[in-house]
Structures are given as C-alpha cells and as structure tokens.
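A, B, C, D, E and F label the chains in the order they appear, each numbered from 1.
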Amino acid sequence: MVYLTRKCEFSASHYYHNPEFSAEENQRIFGKCANLNGHGHNYTLEVTVKGAIDPKTGFVVDLKELKEILNREVIDALDHRHLNKEVPEFSQQIPTTENLAIAIWNRLQGKLHVAKLHRVRVYELPDLFVDFYGEA
Amino acid sequence: MVYLTRKCEFSASHYYHNPEFSAEENQRIFGKCANLNGHGHNYTLEVTVKGAIDPKTGFVVDLKELKEILNREVIDALDHRHLNKEVPEFSQQIPTTENLAIAIWNRLQGKLHVAKLHRVRVYELPDLFVDFYGEA
Amino acid sequence: MVYLTRKCEFSASHYYHNPEFSAEENQRIFGKCANLNGHGHNYTLEVTVKGAIDPKTGFVVDLKELKEILNREVIDALDHRHLNKEVPEFSQQIPTTENLAIAIWNRLQGKLHVAKLHRVRVYELPDLFVDFYGEA
Amino acid sequence: MVYLTRKCEFSASHYYHNPEFSAEENQRIFGKCANLNGHGHNYTLEVTVKGAIDPKTGFVVDLKELKEILNREVIDALDHRHLNKEVPEFSQQIPTTENLAIAIWNRLQGKLHVAKLHRVRVYELPDLFVDFYGEA
Amino acid sequence: MVYLTRKCEFSASHYYHNPEFSAEENQRIFGKCANLNGHGHNYTLEVTVKGAIDPKTGFVVDLKELKEILNREVIDALDHRHLNKEVPEFSQQIPTTENLAIAIWNRLQGKLHVAKLHRVRVYELPDLFVDFYGEA
Amino acid sequence: MVYLTRKCEFSASHYYHNPEFSAEENQRIFGKCANLNGHGHNYTLEVTVKGAIDPKTGFVVDLKELKEILNREVIDALDHRHLNKEVPEFSQQIPTTENLAIAIWNRLQGKLHVAKLHRVRVYELPDLFVDFYGEA
C-alpha cells in the first residue's frame, strides 16, 4: 500500500459574500474578500491516491491517466475561471478553500479505475491550505 | 553600495482584453486570459533599492519605512482588487505582468528618502516574472 | 470534517545545554548547538485545526481569530526572543524542536472556540521538522 | 510521542522497462521514461521517525546517528548511481518512485536504535511524490 | 524596456569524463560525477528575454510563441535524454552546467522574433546554478 | 564568460544595538531586534563567481575548492555563532544583513584562484536579502 501525490496549479477569481448577511456583516466577516469585484489566487492542488503497486509496471496509478482525469474534471473547470460566476458548486455556496477542497474531492471521487482517492489538499496561498479526506 | 530586496505578496484579479481587437482576436491572442469574468493570481513583488550603508544603523534603508511605503503605495491599492476595474493605471491599459511592473515602479519612484529604487520584479506565477529597472 | 493549516514564522535564538552533563558530554551530544553564546533560526510554524464547515461562512475557523490567537499565544512570546533565557518552558527544559512543538501545542490547546487543534509542525531548518498531535 | 522528519537529496539515473512487454508496450506504457539511455532526477527523501522524547537531551532521535544511517544505508548506495544498473533492488524490478520508496524503507527498517521508522517520502519531481508507511 | 523570465524543467542524465585524462584524473577531478553509468538531475531552466512592450497587447513577447520555441529547441532535445549520448553538443564536450547553459543559449539565439534573448540560467541542483548572457 | 552561483546556509544569532544611541533610540530604530538577549536566523548565502570555462573540465571553478573556501572562510566562522559576540567584524559594527554581505565579500575576496568573485547575496529571511558586488 503506497500513497502517490500529484501537484498541479490553477488560477481563479472569487469573492466571499453571503446574501443572508447584511452588507456590514459581509464586510466584518469576510473583510477584503467581500469585495464584489473579485480577487484571485494561484491555487495549488495536491491529489493523493493510494493502492497496491502493479508488479508489471511498478505503478500504483497510470500517471498519464491521472493527469487526464485531473485536467478534465478539475483544471478545465476551474483554471482561469471566476469561481462564483462560472463553477456550479459555488452558485449557492461560498468558494472558500474549505468548500473548494470538498468540491474537488467530489469531482474526482469515483473517476479513478485502480487506486483510491485518499486526500485532496488545496493551497489558496503558500501559507494557507485545506485537506479533505472524504470524511463526513 | 549595497542592494536590498524586500518581497511581499498580493492577490488580485484581472483579464486581458483590447477593445480595438475583435472578439476572435482577443481570444486568439489572449487565450484563457480573455475570459471577461476575470481570473486571479497570488502576485509576488520584489522591490530592490540601492544605496550606501548608514554607519550609525548599518541600514541602507529603514525597513519599517520601506514597508509603510510598499503598503501605502502598492499593497493597499492592489491587494484583493480587480486590476481592470479598480486600479486607474489599467482603465486604458492591459494589466499584463509587464505593465504591472511599470505601474508599481511609477507608484514607488520618488517615495524613498534615502536609498534609490533599483528594480521592481513581479511574479504572476512561480514560473513567470518580469523585471523593470526604470529604463526607457 | 476538513483540516485547515496556517503557516507563520518567527526568529529566535537558543542553545542546547544540560547542566547534569559534563562539559565534554554537552559538547559530544549537542555539538555546535552547545555554544552558550547561542545561535538562531527562522522557525516556520504550521498549525492545523480540524472541524466541520460553518455553512453560513464556508469556514472551519475564523482566520482572523486564528491569527490573533497565534500572535498572542505564540508569536509574541517567541519571536525575536532567546528561547532559553526568555521563554518559561525552557528554563528547565532544552529548547529542541521536539520540545518546542509540544510547548506550542500546549500554548494553543483550548484556545480555539470552534475547530479543534489537530497538529503542530515546527521547522527549525528547511530540512528538519517535528510534528506533534497531542499524543501522550 | 513526536514525529521528526529529516530531508536529504540524491541524484540518480533510471529508465522504465519491463522485458516481458513488447517494445511497443514499453513505449506506450512508459513513454519518455522507456528511453534505455536513461534520464535522471534530483530525488528528495524525507524520512520520518516517531518516538518519545528523551528528557535528558530533548531529542526523539540523535540527529548525528540518523544522518549516519541515512548516508550509509541510502545516500551512499543511491547518489550519483544508475538505479537500474547499480542498485540490487532494481535488477528485477522497475525503479519507479513507488518501488524506490519501499526499497528505502527496507534499507532503513530495523537500523534505528531508539525511535521507530514511521514514513518514507520520495519526491521524484517537485510535483510528484510517494509515501510508504510499511503497510502491507 | 522590460525583462521577462519564463521557467521550465527537464530531467536528464549525464556523466563527466575527459578521455584525455587518466582514469585517476577523471576520478580525482570529477568525483562521483565520473561514474560512467551516469546519474541525473531535474534541471530548471530560466530564460530571460528583454524588449519594449507592445502597446496593443501589453506583452514584451507572445508567451505561447516563447513556450513553443522553448519546447522545440530545448525541452524536446534534452528532456528524458542522456546528455552525453543523445545531445550533439556533448559528444565532444563535457555536459557541465556551464556548458549546458551555453548550449541552450545557442539553441535559442536568433529564434525569437520580437524580444531579445538576455540571459539563460540553468539550475542543476536547487543550490547550484549558472548564468550565461552571451558574453564572449 | 559564465556566472556560477553556489548556495549554502548557516544559522546564527545577533542583535542590533548602537552604544551611541540612547535606550529609547535603540528601541525606536531597531524595534524587536534591539533585544540584547539576541535572536537568530537561518541565513542563506549565495556566492556568484564569474570566469571563462576551462575546456578540459567544463568548469568555471572547481566546486570542491569553492566549497572548501566557503566552509573555511565563512561557514566555520559564522555557523552556530553569535555574530555580535564571536565574529570580529561585528565587535564595532552592527550585524545587519547589509554589513554581513560586505563582511562575507571581504572574507572571500582574493581567495579564489581561477574565477573572480562577482556577487555575494545574503538572505536573512526568505523575503529579505542583500546583494553586494564589491562596489565602493
């Protein structure tokens, strides 16, 4: 049983706003992130899969297949996008790093044929990241 | 004569669009950056100043003053902002990394009392950066 | 259940010395770290908290509150300090990275109102770090 | 109970080839890695040990001893080597990052006197790494 | 006049050997690098171009074109290759980082249509790099 | 003509204090750095040499010799030291990053046999560094 992690990056825009909050609450709770013009980040995504090594290849997962899945399910949908305006998960949900990690997990879950999804880590900034392991 | 460099970071949103180009030209030239919903980056700014060392302090520049100038002239104006919509330099100019480096130089130039501005470096991505030395 | 990690940095001085050891033992066991003049490091601290996401904010923890707690409980006490001389935990204990991780855990434990402290990671050098999960 | 991690680096050469596969299969499955002239990497190794802190030293492990073990068991055997041609584990096995992590675990297992081996992490590239915890 | 730098990476194998030296000299001068089985590195290449900004695009160089040139002239020729055995420049010359930086400069020189090549930087290791500016 | 840069690290302690200043001035000018108990840093040193490539070796400088010089002249004198108390240059001079870069230049100048010293860069923090080129 080994764990393999692949990193990739995407650049996106977002803002934090809860329509149930007053303007003052949005400002107090979300600070500079409440600016409705949006701001953005270079997100770094680390996807970890686990499984047994195929003795014929030495691989726990086919890296080309993993890359295709990541590109199709995540990067194409999020890169150079406005998360609030263009990504369905965030039409009703605030695109925090926490919610983004879960959204990416849900996009990847069930797509791998061999190894099993173990962890999704999302860095919003070099000094801020969130991990999700699929735990309820 | 020594050169001192301070790094700082800001997060902003932007898109690339030239109204003189057709929609097809904007798409062909700017690719994913042409998305008018905007996308964003964690920009890293390196500001280099040069000068002689003050023998009483051992400093070429007062770091607290340098930080105040950077915050007042650059970070407050750019961080968590949409460059196209909120930063005057980009109302008529495309906010590429090249133009951003020059805009930051112009904001800082003449604000330091002791040392001299030497270089502005802006990273848009970890693998893409622009340097400007004030050369015409 | 998500895990959120915040990094921060502090610079401190320390030395390694056990008064129960002879001078030779201190030198043999602690090497260059035994120099009583002290030496120092840029420590990097990663604090991981875990919890459920508040659906109203999308946050597992209020980042402003987390930052205030980190500053008040850890950074103000350790940054630009001599660990042996100024930090109470190390008046009777050697300020190794191991003991420092536990001291930081103890300073943070019970201070968070919502999420739960999960891990304290301390880097003494870029290639040396210690993790503590509160395990006895 | 604390976990201490030490990083080190080595540079090595390898290629991926399974003699039971046809030339076409080797090319299709291993792509550019199938080039029998070999290519190489700067590998980064992170070794994590866990244990109780010795109250006399504040150490979970003697770092000098850990370094000697890493050098003797791993670095001397792998650094500036061709993994396929010079490292016995890979005479019959493909030197993927997965197999390399297990080989390093097996070289280190049982060599530490105090702390216990917890994890071996091997980076083949900055954006690709494998973890092994000794799990069957 | 601005300077734009793009980073990219390639993995390659090499060894150091001068056939005019005795075996003892090769070993003494080149140390572990003299191993004829070869070893390898993840090389990081930084290419800096300089020029004026096109006011219509805000670009000093078309990044897509720059990437195509880098891939065609450098990455396709060096990535996952054995420098001594597969790259013509090194059939008669030792593939040190110094010679590699010059070889890459010569491959790129004259290929850009707008901006001018300013500097080639090659990292062989994170703590060792060479710069070449085309100076005789 | 190529430029080769080698990085290395050392950990040291220091404080900032000018005996000609009042206690209030020292506190106002140097802030937390004025704490006479000292604090410390992991310094990163980059030394750049320039010269012609020796066609027999492909080297601009013998890396083993460069490392020996760096260790003897710089690392042995500064690593795990208290700069104010143990390094002669700072008995009368404040050990700022600026003065440290010049001190290291002076220690290295004239020690290389082949290549020429071009630049000394000292990082006190990941986001603060000083360059010295030997310019008066």
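Everything below uses one rule, namely that a residue touches a chain if its C-beta (ideal position, glycine included) is under 8 Å from a C-beta of that chain, and two chains touch if they have at least 3 such contacts.
Because the structure is predicted, anything quoted here is derived from the model rather than measured.
Student: Can you name the chain that lies farthest from subunit C, using the mean of each chain's Cα atoms as its centre?
Tutor: E
Student: Averaged over CA atoms, how far is the centre of subunit A from the centre of subunit F? Could you give it in whole Å?
Tutor: Going by mean C-alpha positions, subunit A sits 42 Å from subunit F.
Student: I'd like the Å distance between the centres of subunit A and subunit B, where a centre is the mean of that chain's Cα atoms.
Tutor: Inter-chain centre distance comes to 28 Å.
Student: Just give me the whole-number Å value for how far the CA centre of subunit A lies from that of subunit E.
Tutor: Here subunit A and subunit E have centroids separated by 34 Å.
Student: Please output the residue numbers of subunit F that touch at least 2 other chains, ranges allowed.
Tutor: 126 - these are the residues of subunit F that touch more than one other chain.
Student: Among the chains present, which pairs are found to touch?
Tutor: Here the touching pairs of chains are A-B, A-C, A-D, B-E, B-F, C-D, C-F, D-E, E-F.
Student: Using the touch rule from the top, collect the residues of subunit E that touch subunit D in their complex.
Tutor: 9, 11-14, 32-33, 35, 37-42, 79-82, 85-86, 125-126
Student: Can you list the subunit A residues touching subunit D in their complex?
Tutor: Those in contact with subunit D are residues 1-8, 48, 53, 56-60, 62-64.
Student: Using the touch definition up top, name the residues of subunit E that touch subunit F in the complex.
Tutor: It is residues 16, 18, 20-21, 29-31, 93-99, 101-102, 126-133, 135-136 of subunit E that touch subunit F.
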